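Letters A, B, C and D mark the chains as written, and numbering starts fresh at 1 in each.
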Amino acid sequence: MPEYPTAPSYPTALGASSRHEITLLGRSLADDVMGEVGFGELAFWLATQRRPTKGEARVFEAVLAALADHGFTPTAIVTRLTYLSAPDSIQGALAAGLLGGGSRFLGVTEDCGRFLHEALAGKQPDESWDDFARTVVAEQREARRFIPGLGHHVHKDGDPRTPRLFAIAREEDLFGPHLNLFAAIGRVHPEILGKTLPLNGAGVCGAALADLGLPLELLRGFALLARTAGLIGQLAEEIRNPVANDIFLSVDLNNRSVAPEPYGGQNG
Amino acid sequence: MPEYPTAPSYPTALGASSRHEITLLGRSLADDVMGEVGFGELAFWLATQRRPTKGEARVFEAVLAALADHGFTPTAIVTRLTYLSAPDSIQGALAAGLLGGGSRFLGVTEDCGRFLHEALAGKQPDESWDDFARTVVAEQREARRFIPGLGHHVHKDGDPRTPRLFAIAREEDLFGPHLNLFAAIGRVHPEILGKTLPLNGAGVCGAALADLGLPLELLRGFALLARTAGLIGQLAEEIRNPVANDIFLSVDLNNRSVAPEPYGGQNG
Amino acid sequence: MPEYPTAPSYPTALGASSRHEITLLGRSLADDVMGEVGFGELAFWLATQRRPTKGEARVFEAVLAALADHGFTPTAIVTRLTYLSAPDSIQGALAAGLLGGGSRFLGVTEDCGRFLHEALAGKQPDESWDDFARTVVAEQREARRFIPGLGHHVHKDGDPRTPRLFAIAREEDLFGPHLNLFAAIGRVHPEILGKTLPLNGAGVCGAALADLGLPLELLRGFALLARTAGLIGQLAEEIRNPVANDIFLSVDLNNRSVAPEPYGGQNG
Amino acid sequence: MPEYPTAPSYPTALGASSRHEITLLGRSLADDVMGEVGFGELAFWLATQRRPTKGEARVFEAVLAALADHGFTPTAIVTRLTYLSAPDSIQGALAAGLLGGGSRFLGVTEDCGRFLHEALAGKQPDESWDDFARTVVAEQREARRFIPGLGHHVHKDGDPRTPRLFAIAREEDLFGPHLNLFAAIGRVHPEILGKTLPLNGAGVCGAALADLGLPLELLRGFALLARTAGLIGQLAEEIRNPVANDIFLSVDLNNRSVAPEPYGGQNG
C-alpha cells in the first residue's frame, strides 16, 4: 500500500478559527453573527451558504414550527424511553429520537418536495396550474402510486397548517412553483381520484422548502432540525413530569408469552 | 404478573391535535406559532413552557450561533464519514455526529453552567463579585480541580465570543449572577493561579444559558440543538464538495499493522 | 379521541420472566441456554426462533468472522472519534459506528442476498447453474445494473474469504441455491462482461446467509452484529493505544478556508 | 496554523488487508479464523487481543446469553418503535436501542465489575471472603451507597442466572476473586443490612467478566454486544408479528393535554 502522497487539505466555508479570530461562512462569528442572526436564519445560511432574506427566514421558520413537535409520536416516545434507560446521556436520547426520522413518520416532507420538483423538472408549465396538476395526478393514479403530502389520518377535513403556510408564503412573495403545483393538486385531485383528501402539513412544508431553493437531499434534515427542538421539549417535560416508566410498564406488564414460530430451515 | 389496572394516561403540554385543530403549548400551532415565532424563540419556549422575551430570545440565539459550528471537529468528521458510508440515511449521519456531544468536546457549556450554579447556590454574594470569585477559584485550586470554561487551546489571548456575549447580555439587561461570577473569575484568577487563561466561548454560553433560567440538565441539549444546524451545514457542504472519502483514505492508507498486545489473562 | 378500548397485550416468544423463572424462546434461560449455547448460535436462534444445527451455526459464525472488522473503515474511525469526544458513553460510540452500516460500506451483504433470492424466485433452475447464471448476468448487463458482490477495490485477484466460505458451506452440506448461483456468476461473468472480477467477501456472506434461510430483511442486521464485535475491538485498542486525536488533528490542521458558494436563490 | 509535519501513521493489530491477504489479529482471516473460531470467542479475542481458552469462551458466552434479551425492556421497545418510524434503516433501529444501554438499565454489569475491582484493588484478601465482604458491605452502608448487583425488582427470592453462572465458572475453574467477593456479599449482607436481597444476574455477569480479565471500561460494551443479538431478535419478531404501532397508539391515544407549566424566568 503506497504512502499517501502529500498531506491532503480539506476545504470548508463553514467554521474556521485562528488565534484571534473565529469565522463562520466568511464572517466574523462574534461581530457579524452572534446577536445579529436568528437561529432559523443561521440554519438556512449554514445549509445554503447564502444568507436568507427576511421573508425567506420567516417562511423557513414557519416550516420549522410546523414540524417541531406533534406530541407522543414514536420519536418522542423513543427519546423519553432512552432517557429513562440512560439518563447520563442527553445526546443519546436525542440521537435515538432522531433515528426515527425516516421514511414513514418524517419522510413526507422530503418525499413531497422531491415529487413536486421532479414533476416540475425545473420549468413552469405553459398551461394553468390546475391543468398541469390534473396531468400529474392522473399519471400517479395510472402508476398506482400515492401522491406524497395528500391525506391525513386525523385531519381528514383539512390540516390547519396548510392554509396558514400558503398565506405566509404569499405574504412574503415566496409562493413559487412547488407551492402552486401542490395547491393545484389540492383543488383538482377529487375529480380524478373520486375522493377529497386534505393537503397535509408535512407535505406543504416540503413544497415551501423546495420553493426556498433548499437542497432536496436535505429536506429531511430540516425536519430533523425542527424535531431536535421538539425532542428537547419532550426531554424537559419528561424530567419534570416523567411518563416514560409508565409507558415502559404498560408494555412490559402487558406482555404475553407465546411459543416460538420457527422461521426458515425445512419450514422456511 | 397482574394486568395493568386501568388505561394509563400521559399528560403533556406540548403538541396535541384533534380533527380540526393542532395546538402546541396551549396555543394554536397554525395561528399563533407559525409565522409568529422565530425558531430560537420556539426552542426556548418548548424547553421551558414559557415564551421568552425579545431580549431573552436574542441572548439565547447568540449562544446557539456561538456553538453551531467550529469546522472540522470530531462531530463534523463523524457526520461526514457516516454519510459517506450510509448516504441513504440523513438521520443516521446527524445522529452519529450528535453522539460526540459528550463530556469532552461539547460538555463545557453544561459543566460551566452547573459549576457556576453550584457556586452561587441560588444566592447573590454579599461581598463584591471579585471577592466572591477569589474564594471560588481558591477552593477549586485547593481541590486540584479545573474551572470549567477557563482556558482554550487555540484562543490563548482571549476567545472573541466571550466579550461579545457579555455585551449582548448587558444590552438586553440579562447579565445575571452566573455571568457576573464568570466575568469576575476571568478578572481574578491570574492572581490565584499565577497565570492568565482566557474565558472560553463554551463556558460563557453556559453562564448565559444559566442566567436565562434554563434547566441545567438540558444545557448540553441546547449545545446539541445548535450543533444540529451546524451538522446540516457540514452535510450540505459534503454533498457538494465531498472530503469524507479523502479523510477515510488518509487514515486507511496510513494504517500500520502491529502485533497484537494481549490484555489480561496471565499478563493482565 | 376515544379511550383505548381494552388494555392491549403484546405477544413475544423472546425473553419473559416471572418471580422464579426467566425464559428465552420458551426455554429456561439459566438451565437450557447459559453454558449450553454459543453466542453465534444464540443470535441465529433469536433471529429465527429455531435453534440452528451445528453445521448451520458454523457457517453463520464463519460469516460473522468474515464481516467483524476490516481495520480503519469509516465505521471504525467514527467509533474512535466519538469515543474521543464523549468517552463517558460507550453506547454512543458503538451506536455511532453502527450508523455507518448503510447502503455503501455494509450493504453489499444484504444487496447480494436479495439479488440472488430474487433471481432464484424460490426455485432451482432446470438448466445448469452456469447457464442460469449466464442469463442472470446478461439481464443485469442489459439493464446496466451492477451485480452485487462482484468486484473489489483491493482484492482484485480474488477475495480470500470467498473460496473459504464456499469450502465451509460444502463441508457442512449447506451449499444451497444462493451459493450455487453466486459461484456460477463467478465462473461465467467474464464471457459476458468481458472482464474478470472477483466474487467479494461481503457478497458471499450474503449468499451463505440466504442459504441458511435467514430473513432477507435482516441480512444487514447480521453484518451489524458482526461489526459490533469489531467495534468493541476498535474501542479496546483506542483505549490502550489512542489514535483518534491524531486523526482529528490530521483533518483539522489541514483544513483550508474557502469562500462560501451560495446555493439556490437567484442562482439555484 | 502549521502544516501537519509528516504523514501520520495509525497502528492497529486488528483487521488489515493487502491484495492477496486479509489478516485479523495477526492471523489469516480466511484460514485461521473463519470456520475455526466461534463468534463469542472472536469477540473476546478482538477485545483483548488474546484468544480465550475454551473455558473462558464458555463463561463469556454464558454471560452474553444472560444479557441478550429480557423481553419488552425500554431498549427493545425503542428498537421496535424506531423500526416503525424508519423501516428503511435497520442500523438506525439497532443503534437507537443500544443508546438505552446506559447507567440505569444496562449499567449494573459495569458498575458491579468496577465496584468489586476497586474493593479488591488487585489483591486477594488475607482474611476469609466472608469477613472481607462484611467490611465491604459495612463501608457501603456507612457511605449510604448501594451495592451494585444486589437486589432485583422481580426476582426477589433469587435470580436464576446467578447460581447458574457461579456453577459454570466453577466448572471451568474460573471462579476468581470478583466472583468470590460477590458470592460472599450475597451470604453476609443480611446480617449488616438487616434484609435479604438477591444477587442479580447483571451483577454476577459483571463479576464474571472481571474475573475473565476483560477491560473494565468495556464491560458495558459486552452487555451491548449481547443486546445487539437480542435486538435483532426483537426486530425479526416485529417484522413478522408487529406490535410497535399498537404501543405507539396506546400512548398517543391516551395522551392528556395539560396547561404549560412555565419554568424559570421570574418563577425559576
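FYI, a contact is a pair of C-beta atoms (placed from the backbone, for glycine too) under 8 Å apart; a residue touches a chain by one contact, two chains touch by 3 or more.
Here the structure is a predicted model, which is why all the values come from computation and not from measurement.
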item	value
Neighbouring chains common to subunit B and subunit D, by label	A, C
Chain pair, C-D or B-C, that carries the greater number of C-beta contacts	C-D
Identity of the chain that, by mean CA position, is farthest from subunit B	C
Subunit A-subunit C separation of Cα centroids, rounded to whole Å	29
Subunit C and subunit D, separation of their C-alpha mean positions in angstrom	23
Geometric centre distance via CA averages, subunit C-subunit B, whole Å	35
Interface hub residues of subunit C, defined as touching at least two other chains	1, 3-4, 7-8, 10-13, 16, 18, 47-49, 71-72, 86, 88-89, 91-92, 95-96, 99-102, 106, 215, 236, 241, 247, 250-251, 254-255, 261, 263
List of subunit D residues in touch with subunit A within their complex	1, 3-4, 7, 18, 71-75, 77-78, 81-82, 84-89, 92-93, 95-96, 99-107, 236, 240-241, 244, 247-248, 250-252, 255, 261, 263
Of all residues in subunit B, those that touch subunit A in their complex	1-4, 8, 10-22, 24, 28-31, 33-35, 37-40, 42-43, 46-49, 58, 60-62, 64-66, 68-72, 76, 89-92, 94-96, 98-102, 106, 154-161, 163-165, 167-168, 171, 201, 215, 217-218, 220-222, 224-226, 228-230, 232-237, 239, 241, 243, 246-247, 249-250, 253-255
Interfacial residue positions of subunit B with respect to subunit D in the complex	7-13, 16, 23, 25-26, 47-50, 86, 88-89, 91-92, 95, 99, 212-215, 251, 254-265, 268
